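Next, two complexes with chain A in common: one pairs it with chain B, the other with chain C.
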Partner chain A sequence: MRFLLSTLSLSYATRNKAKTFLTLLGVVVGVATFSAIRGAQSTLVGGIRSTVDRMAGKAQLQIAMEGGVPEELTETIRELPGIRSQSPVIEQVVVPERGELGSILVLGVDLLGDREMRDYSFEGDDADLDDPLLFLAQPDSVAVARPLAKRAGLKIGDPLVLKTSRGLRTVKVRGLMTPKGFAEAFGGNLIVMDVFAAQDLFARGRRFDRVEVRLADGTTLEEGTRTIEKAVGPAYRVETPDRRGAQLEKLITNFVAGFNISSGFALGIGTFLIFNSFAVAVNRRRRDIGTLRSLGATPRQVMLLFLVEAAVLGLVGGVLGLLAGASMSQSFLKLMEQTSEQVFGIINASEAHIDGTLAVQSVLLGLFASLVGAWEPSRAASRIPPTEAFAKGSFQAKRGPLSKPRVIGGLALFGAAIAFTFRPPFGGNPLILMVMGLCVASVAMLASPASQALIDRVAPFAARISPVAGRLAADSLMANPRRTSGTVIATTISIGFVLGLGGYMGSTKASMLRWMHDVLTSDLYVRASANFTNPDSRFPASFREELAALSGVRSVESYRGMRITVDGEPAMLGTIEVPLMMKRVKHDFLQGNDESMLRGLSERGEVGVSDNFHRLHRAGVGDKVTIATPSGTVSFPIAAVFRDYTNDRGTIFMDRSVFLRYWKDDRVDTYDVNLISGADIGKVRDEIRVLVGGRMPALISTKREFVSEIGKAVDAFYSLVRITVFLALGVAFLGIVTSLLISVAERTREIGILKALGAVRAQIARSVALEGVALAVVGYVLSLPIGLLIAYFMETTVAEVFAGWRMPHQTPWGLLTELAIALPLVSALAAFVPARPAARTKVTEAIEYE
Partner chain B sequence: MNRQGAGVVVLAFLAAVPTARAEDARKLLVESEARHRTKSQQYAGDLTVVAKDGKVRKKAWRSWREGYAGDAKLLIRFHAPPEVKGVSFLSLGRPGKGPDQWLYLPSMKRERRIATQDRDASFVGTDFNYEDMEEFDQSKFAVSLKGDETADGQVCWLIEARPEENAGKSLYEKKLLWLRKDILFGVRQDVFRKGEKEPAKRLHLSDVQQVEGHWVAKALEMTDLKKGSRTTILLQELAFDRPQPAGRFTLQNLNREGGED
Partner chain C sequence: MLRLTDVSKIYEGKSQVKALTGVSFAIESGEMVAVMGPSGSGKSTLLNLMGGLDVPTAGSVEVAGRDLAKEDEESRSLFRRTHVSYIFQAYHLMPTLTAAQNVALPLHIAGVPRKEVDERVDRALQEVGLGARDRHLPDELSGGERQRVAIARALVTGAALLLADEPTGNLDTVRGAEILALLRSIHERGSATIVMVTHDPSAASACDRRLEIRDGRLVGDNRN
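Up next, the complex of A and B:
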C-alpha cells in the first residue's frame, strides 16, 4: 500500500498540484467555516455564563426586575433573616471616544460594601483607591482594569471619555485593578465606579439594575430565595447567577440556532466538493487503475488506496481548516457579540478560542467528510475492468446509471424532504439535518439523469448560437455525460443551499419591512435609548404632556416594552395607549379583529398576543396568559392574535392603563408622535430637541429613519447567516470552478484531436467556455426546486420550530437574477482560463494525454 | 467608640480601683462610663493617614456628638481638602443594636446608608473602620479582668472585652483594653479579628489632658498592624456639654450642603 501511495497517489498529486489544492481547499473551507462558527458560538455562550459568574463574585442570589430595581428594595431586604449582605449593581456597556479600545463594561457597585461580593485586587500605584472618600466624593472616579489601562495608556489621574446616552462624558482614572476574579470579566475591558455615580452617568434615575445578595452561613439557597421572594413579591426575579446565565442563554437560542444551520451548510457543501473532486480524480486515473488491476491489485486494494488518499487529504485539510477557523472565529465572535448586545442587550466580551474537543471534532469532520465524499468514487474505481480502463475515451462517453430504481429512489427522497417540510414529525436540529440530508441525497441521485435529460435539450441551442464553438460545446456535452453530470451536481447543491438560505433571509426581511410599514406609522419616534430590547434609560411619563403641547402635534403615544417570563419562557410585553394606536395601525389578525382588540385591551383589560407567541405557547383567543406583576400574579384573557415581529420569543400587548395599574411604573421607552396634517416634521423635531436639550437623553427619528434603524437590528440578527450565504456562495463557485478545471484538463486529449482536425485555439477556448455556461445554466435550473424547497422549509417549518413565526414566502427574485448573471460568468471564466493553455498544447502531446 | 477622641474609637474607663474591686471588670467599666459621661462634645480634627510606603494624606473635619455609648449620636463634616469638602457622616446609636450610619456625598446631593456588612470598610480611607466609629458600649460586651500592665509609662488595668452574641454583629472576636489606674481612662486598645490570635489593629490615646473638667486624649493613633499603615487624629477646639441644636443629628440636616452646622 505504501508503494502504491508513493508511486500512484503522490505522483498524481505532484502532477496535478492545482487540482489537489482545490480539493484540499474544499475541505479547508468547510472545516474552517464549521470550526470558526462553532468556536465563536461556544465562546459566546460560555462567555455569557462566565461573565455572569465572574461579575457575580460571591453573590449567591440576584434580585432583578425589568425596568430596574428601585433603591427602596435594599431597605426591604436589609433586615431579612438569612441575609448576610447585599449590594446594588449597575451594568452598562459603553464605547469610549477612542473607538479602538472596543466596548467597555462599566460596573457600578457600592464601593463601601462591595468587597463582601467581589474580590478586588488593587496593588501598586493605585493606592488612591484606598481612599474611598476621595473616590466617592468625586462622581467621575473610576477604577480601570490594568489590561485596559495598559492598552489605553491610562494612569492614575488620566481622563477617559465615554460615549453615553447623555452624550460624551469624561471620567477620571482613580484606581487600577489587577485582573483577578471579576476583573477578568468582559475580557478585562472593565471599569468599576460607584453605583450612585453610575446611576447618574447612565440615567438610571433612582434604580439599580439588580441587587446581589450573599446569604448568611447556614441559610440554603432555597430558604434565601423563598424569604426574598416573599418579601419583594412576584414581579422580581430572584435567581442564582447560574440561572440568570441560563436565562440569558435562552434569549439567544434562536440566534445561536442559526449558526448551527450555517455551519452545517458549510460542511455539507465542503463534503460535496470533495465528492466531486474525487469522482473526477477517479475518472482521470482509470488508466492507472487499469494498470494496477492488470498487475494483480484487487478491487479492495484499489478502493483502499483512494480512501487512504481521502483520509490524508481530509486530515491535512482538517488541520489547515482548523487553523484557518481559529483565526476567523474572533471576527465571527465580535459580530455575534455586537448582535447579542444590540438585539438582546446581553453583554459579553471574550477572546474566541477553539477548545480541544472542537479541534478534534473539526479535524475528524474533515476526515469524515473526505471519506464520505470519496467512498462512492473509490468504490466505482475499484470496479473498473482493466480493459475498459485502457480504452481511451470510452469511459467518458459512457452514460451514468440511468436505472429506474435510482430515479424512483431520488424522487422518493425528495418527496420525503417535502413531506418533512410540510408535516415535520419532530423539531430542532435533527429535523433540519434530516431535511437537508434528504435534499442532498435526492439531488445526488436525480441530478445526473436530470442533467443528462436537460443537456440533451440545451445542447442543440448552443450549436445554434455559435456554428463552430457552439457545435463543439454541444457535442462535448452530449458525448461526455458522466463528466458533465459531476459539475452539474456540484452547481445544483451549492446554489440550492445559497438560494435556500438567501431566499429565507429575503422573505424574512420583506415580511418584517411590510409589518413595519403597517405598524410604524407615527411621524416621529422619540426614544430614550438606542437599545431596543433592553433600554438603558427611560423618559418620565410627564414628558408626554410637554410633547403633546408642541404646535403641530396631534397626539402622542407612550410605548413601554419589558422582558417578562411566561411559563418559564422569555417573552416581551409591549404597552401603549391602545385606542390611539389602533387609529393608525393596520394589524393582520389571525384570531379576533380590530373591534375585539380595541374593546378587549382598552375596556376589559385583556391582552393581544403576537402570532409567534400564539404558536410557541399554544394560546389564542379564549385562553389566558399568566404574568407575574409587582401587584401579584395576574391572568389576562387573550382578545386577539395578530402578526407581529417585535420579538422572536413572542410578544404580549396590553393597554398602558392596565400596565400602570399592575406595574405602577410610568416610565416610557419611546414616544410615538403623530402630527397634524401639513405640519413641518423638521420643525417639530427641532422643537423636541430644544425641549429635551440637556435634560434627558433622546433620539428623535422620523418614520423612515426609525424603520431603517430597526432594519439594521434585523440585519445584525442575520449578519452571520448572511456571511454564511456568502461563504456558501464562495464554496459553490469553488465547486464549479474545480469541476470545470478538472473537466477541461480531462479534455486535453480531445482538444488535441480537435486541433489535429483543424480547430483554431480561439474556437476551442470559446467552445469550452460555452460548455461551462451551459453546465452552469443546467445546474442553476436544477437548483431552483431544491433551493425554493429549502427556502420554504426555513421560512415555515424552521422559523416556526424556533421562533413560532411563519414567514410568508417571497421568491428571491433579486438573488435569482444575481445568480443568473454571476453563475454563467464565473463558469465561463473558470472554463476559459484553463482552456486557453490546453488549446496551446502540441497536438501530439495532447493526444498522448491521460 | 471613643467619644472623647474624635468620635473615633474612644474608651472611657474608671478611676483606679487598686483593691479587690478591680477584679470586677464590669464594675470598672460601668464606673468609668458614669465618671466620664458628657452630654455632648465637639471639636475640630486634623487627620493624617500614613501608608506603609510613607505616602501621607491629610484631611480635616468638625465633629459633634450628643449622648453617650449606646445612645450616642455623632455628626462629622469634612472641610479639607477641597475635593472632600462637605462629605459628612452621621451615626445614630440604637440601644442593644448596632448604630444606623450614613455617608453624605455633596457631589451627588444624597446620603447613603452604611450597611451592617460594610462596617469593615475603611472609614474615609483611614485605618479606622465603621465599627471603630461606634461608641464603645460596655453593655454589649462580656468583660473580664486580665490583670494589670504598664502602657505608655502608666499603670493600667488590662480588660478583655468579647462582643455579646445578642448585641449585634461585630467584626472582632475580642478587644483588649488598657485603663490608666489613676484616672480610669483608656490609653490603649488592641482589637482581634475573628479566628486570629494576633491583634489586627492597635489604638494609642496620648496627650491626655483635662479640658473643661473632662479628661480627654488630644491625640489618637490607630495602627494597622498587618498593613503597616497608621492614622493620627489631633483634636482641637474641644468643648463639652454645649447644647446641640434640635435636628442636628438628623438625615435632613446631614443632607444640608455647605458643611456648616
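Up next, the complex of A and C:
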C-alpha cells in the first residue's frame, strides 16, 4: 500500500500538477474560510468578556441606562445603605489623527475616587500623578497605557490629536500606566482621563455612561442590587460586570453566528470540489484501476488507495488552509469588530488568534470534508471491473438513460423546498438549513438529467455555428456526462446562492430605499453623530429654536432614538414631533390609519409600531406595549401599525412630548429641517454650519445625501452576505476551470487527431472556450429556479423569522443581466488556462497517448 | 490445471450479446495453447473467464482445483495475485511509473517485502532482456520494449498460468517474432502454462495446441 501511494498516487499528482492544485484549492479555501471566521468569532467573543472584566476592576455592580446616566443619580446612590464607594465612568472609542495607531479606548473616570475600583499602576516619579489635583487642573491631561505610548512614541508632555465628534482635539500625555490588569484591556490601546473632561470632550452633556459601585463589607450582591434597583427605578440596568459581559457576549454571539453560514458554505463547496475532482480522476484512471485489479488488487485496496489519497490531500489542504485562515482572520475580526461597535456599541480590540483546538479542528475538518467528498468516487473506483483494462480504445462512462425515479425524486425535493418556503413548519436556523439542504439535494439529483437535456438541445446548434469548434465542444460535453453534470451541479448551486443572496440583498435595499424615499422627506438633516444605531453624541434641545429662527426654515422636527427592551427583547424607540412629521410623511399602514395615528400619538399618548415589531411581538392595535421608563413602568396602547425599516428588532414610535414626560431627557439625535418652498438649500445649510460653528459636532446632509449614508450603513450590515456571494462566484469559476482542464487532458488524443486532420490552434482553443461558455450557460439556466426560490425564501420567511419583515419580492433583473453577461464572458476567459496547452498539443504525442 | 465445463457468457446491455455458448475444454499443466478466431468471436471473453476477471453466466471454470465462478470478487483478486498473470495487447503499463516500478507493482499489491521485491524485479527484467532500461518511463520505450516490461510484470509473481491477449498485435513482424520467441523460451525454461490469443497463424504454430472459436463456440481443438 505504501508503495502504491508513494509511487502511483504521487507520480499521478506530480504529473497532473494543475489538477492536484485545484483539488487542493477546494480544501484550502474551505478550511481557510472556516478557520478565519471561527478564529475571529472566538477572539471577539473572548475579547469582549475579558475587556469587560478588566475594565471593571474591583467594581461589583454597574448602573447604566440607554442614553446615559444623569449626574444627579450619584446623589441618590450616595445616600443608599451598604455602598462603600461609587465611581462614574465614560467610555469612548476614538480614532487618533495618526490612523495607523488604530482605535483607542478612552476611559473617563473620577481619578480622585476611582482608585477604589481600579489599580492604575502609574509609573515613574512624575509629580503630576503623585498629586492628582495637578493632573486634574489641566483638563487636557491624559494617562496613556505603556504599550500604546511605546507604539506611538509618546513621552510625558507630548500632545496626542484625537478625532472626536467635535472635530480634532488635542490632549496631553501627563502620565503612563504599566500594562497590567485593567490597563491591558482593549489590547492595551487605552487612555485614562478625568470623567468631567471626557464629558466635555465627547459631548456627553451632564451624563455619564455608567456608575460603578463597590458594596460595603457585609452587603451581599443581591441586597445591593435590590437596594439600588428600588432607588433608581426600572429604566436602569443594575448588573454585575460578569453578567454584563455575558449579555454582551450573547448579543455578539448571535451576530457572529451569521458568519457560520459563510464558513459552512465554504466547507460544503470544498467537499464538493473534492467530490468533483475525484469523480473525474477515477473516471480518467479507469484503465489503470482495471490493470491494478487484473494484477490482483482487491476492490478494498483500490478504495483504500483513493481514500488515502483524499486523506493526504485533506491534511495538506487543511494545514495550508489553516495557515491562510490564520492570516485572514484578522481582517474578519476587524469587520466583526466594526459592526459590533457600530450596531451594538460593543467595543473590543484584540489580535485575532487561532488556538490549538481550533487549529486541530480545522485540519480535521479539511480531512473530513476531503474524505466525504472522495467517498462515493472511491467506492465507484473499487467497483470498476478488471476487464476494463482489456477494453480497446478510450473508455467513457456510458451515459445512463434518464432515470425516472431520480427526476421524480429531485422534483419532489424541490417541491418540498417550495412548500417549506411558503408554509414553514418550524423556524430559525433549522428551517434555513432544511430549505438550503433541500435545494442543494434537488440540484444534485436534477442537474445531471437537466444538463443532458439542455446540452442535447444546444449541441446541434453549436455544431452548426462552428462545425469544428462547436462540434468538438458539444461532443466533449456529451461524451463525459459524469464530468459535465458534476461541474453543472457545482456551478448551479454556486450561482443559485449568488442569485438567492444577491437577490435578497437587492430586494431589501430596494424596499428600504423606497421606504426612505417616503419617510425622509425633510430638506435637511442635521445629525450629532455619524453612527446611526449607537450615536456617540447628541444635540441640546435648545438648538431647535436656533434652527427654526433661520430664514427659509419652515419647521424643525427633533428626532430622538433610544434602544429599549420590550418583553426581554431589544427594540428601538423613535420619538419625534408627530403632528409635524405626519404632515410630510405618507405611511403604509397595516393597521390603523393617518387619523388614528395622529390622534393616538399626539393626543392620547399612545404609540405606533413598525410592521416588524408587530410580527416579532405579535402585538397590534388594541394591544399594549410595556416599557420601563425612568419614571416607572408604563403600558402604552398601540394606535397603528405601519411599514418601517428603522430597526431590525422592531421600532416603537411616540410623540416627543410623551417621551419628554417619561424620560426627562430632551437631547436630540437628528433635527429634520423643512424649508419654505423656494428657499435655497445651500444657503440654509451654510447658515446652519455657521450656527454650529465648533460649538458641537454636526453633520448636515441633504435628503439625498442622508439616504445614501443610510444606504451605506445598510451595506455594511450586509457585508457578510456579500462575502458569501463572492465566495460562491469564485467557486463557480473554479468548478468550470477544473472541468475544462480535465476535459482537455482527457481529449489529448482526440485533439491530436483533429490537428492531424488539419485543425488549427485557434479552432481548438475556441472549442475549449465554447465548452466553458456552455457549462456556464447551463449552470446559469438551471440556477434560475433555485436562486429565485432562495431569494424569495430569504425575503419572506427568513427575514420574517429574524427581523419580522416581509420584503416585497422583486425580481433581481439587474443581477440576472449582469450574471448573464459576466458568466459566459469570464468562463471563456477562464478557458484560456486549459485552452493553451490544448492548442499546443503535439500531434505525435497525442496519438502516442494510448 | 484448468477446466471449463459448458461455459456460457451473455453480456446484458441494450441488446443481449451471447459472447460464449457451451464451451468445454481442459488444459494440462505446462501446455502452451493458442486461441484463434475472427474478431468478436469471444476470445478475450474466454481469457477473462480463465483468469477469473469475469464470471460465466453458466457453467464452471476450474483453475488449480478452484471453481472461480463460485467465488466472490475479493477472493478471486487474491487468487489472481499468486496464480494468474496477464499480458495485454496494449501493454497497460502505468504511464507514470518506471519500467522497474511497473514490474514491481503486482508484488507490492500482494504485500511482498521490499528487499525481496527488488531482487525479483531485477531477475524478471534480466529474463526479458531489459536489465538496462529499468529506470525509463513507458513513454521512453518502444512498443516491443514495453511489451517486454509487461511480460516481466507477468513473470515476476511466478504465477503458474500466463494469459496473453494478442501480445504481438501492436508490433511489427520482427518485434512480434521476438516477443513470441521470448514467450516460447519462458515456456521451455519453466513449467508455466501459457494461453495466448492470436490472429497470427505462425504464432499459433509455435504453440503446442490450437483452440478455434467462432461465434462463441469452440469449433476446433488441434495439437501441433
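Criterion: the second predicted complex is superposed on the first by the 813 of 850 C-alpha atoms of A that agree within 3 Å, B and C clash if a C-alpha of one lies under 4 Å from a C-alpha of the other, contacts with A are read in each partner's own complex, and residues count from 1 in each chain.
By our rule, contacts are C-beta pairs under 8 Å (C-beta built on N, C-alpha and C of every residue); 3 or more make two chains touch, one makes a residue touch a chain.
Since the structure is predicted, the reported quantities are computational estimates derived from the model, not experimental observations.
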Inset, instruction - State whether A:Gln138 touches chain B only (first), chain C only (second), both chains, or neither. - result: first
Inset, instruction - Name the contact category of A:Arg560: first (chain B only), second (chain C only), both, or neither. - result: neither
Inset, instruction - Please work out whether A:Lys755 is in contact with chain B alone, chain C alone, both, or neither, and reply first, second, both or neither. - result: neither
Inset, instruction - Please name the chain, chain B or chain C, that touches the greater number of residues in chain A. - result: C
Inset, instruction - With the two complexes superposed on chain A, say which partner A:Gln86 touches: chain B (first), chain C (second), both, or neither. - result: first
Legend entry - Footprint overlap on chain A, where chain B in one structure and chain C in the other make contact: none
Legend entry - Contact footprint of chain C on chain A as seen in their complex: 1, 3-4, 7-8, 11-12, 14-15, 287-288, 290-301, 385-387, 389-390, 392, 848, 850
Inset, instruction - Show which residues of chain C lie in contact with chain A when the two form their complex. - result: 44, 48, 51, 53-54, 73-74, 77-78, 80-82, 86, 88-90, 92, 94-97, 101, 104-106, 108-111, 114, 139, 153, 157, 165
Inset, instruction - State the interface residues of chain B toward chain A in the complex, per the touch definition above. - result: 49, 51, 53, 55, 57, 59, 78, 83-84, 87, 103, 105-108, 110, 112-118, 120-122, 124-125
Legend entry - chain A to chain B touching residues, read off their complex: 74, 78, 84-86, 110, 112-113, 115-116, 127, 130-134, 136-139, 196-197, 200, 214
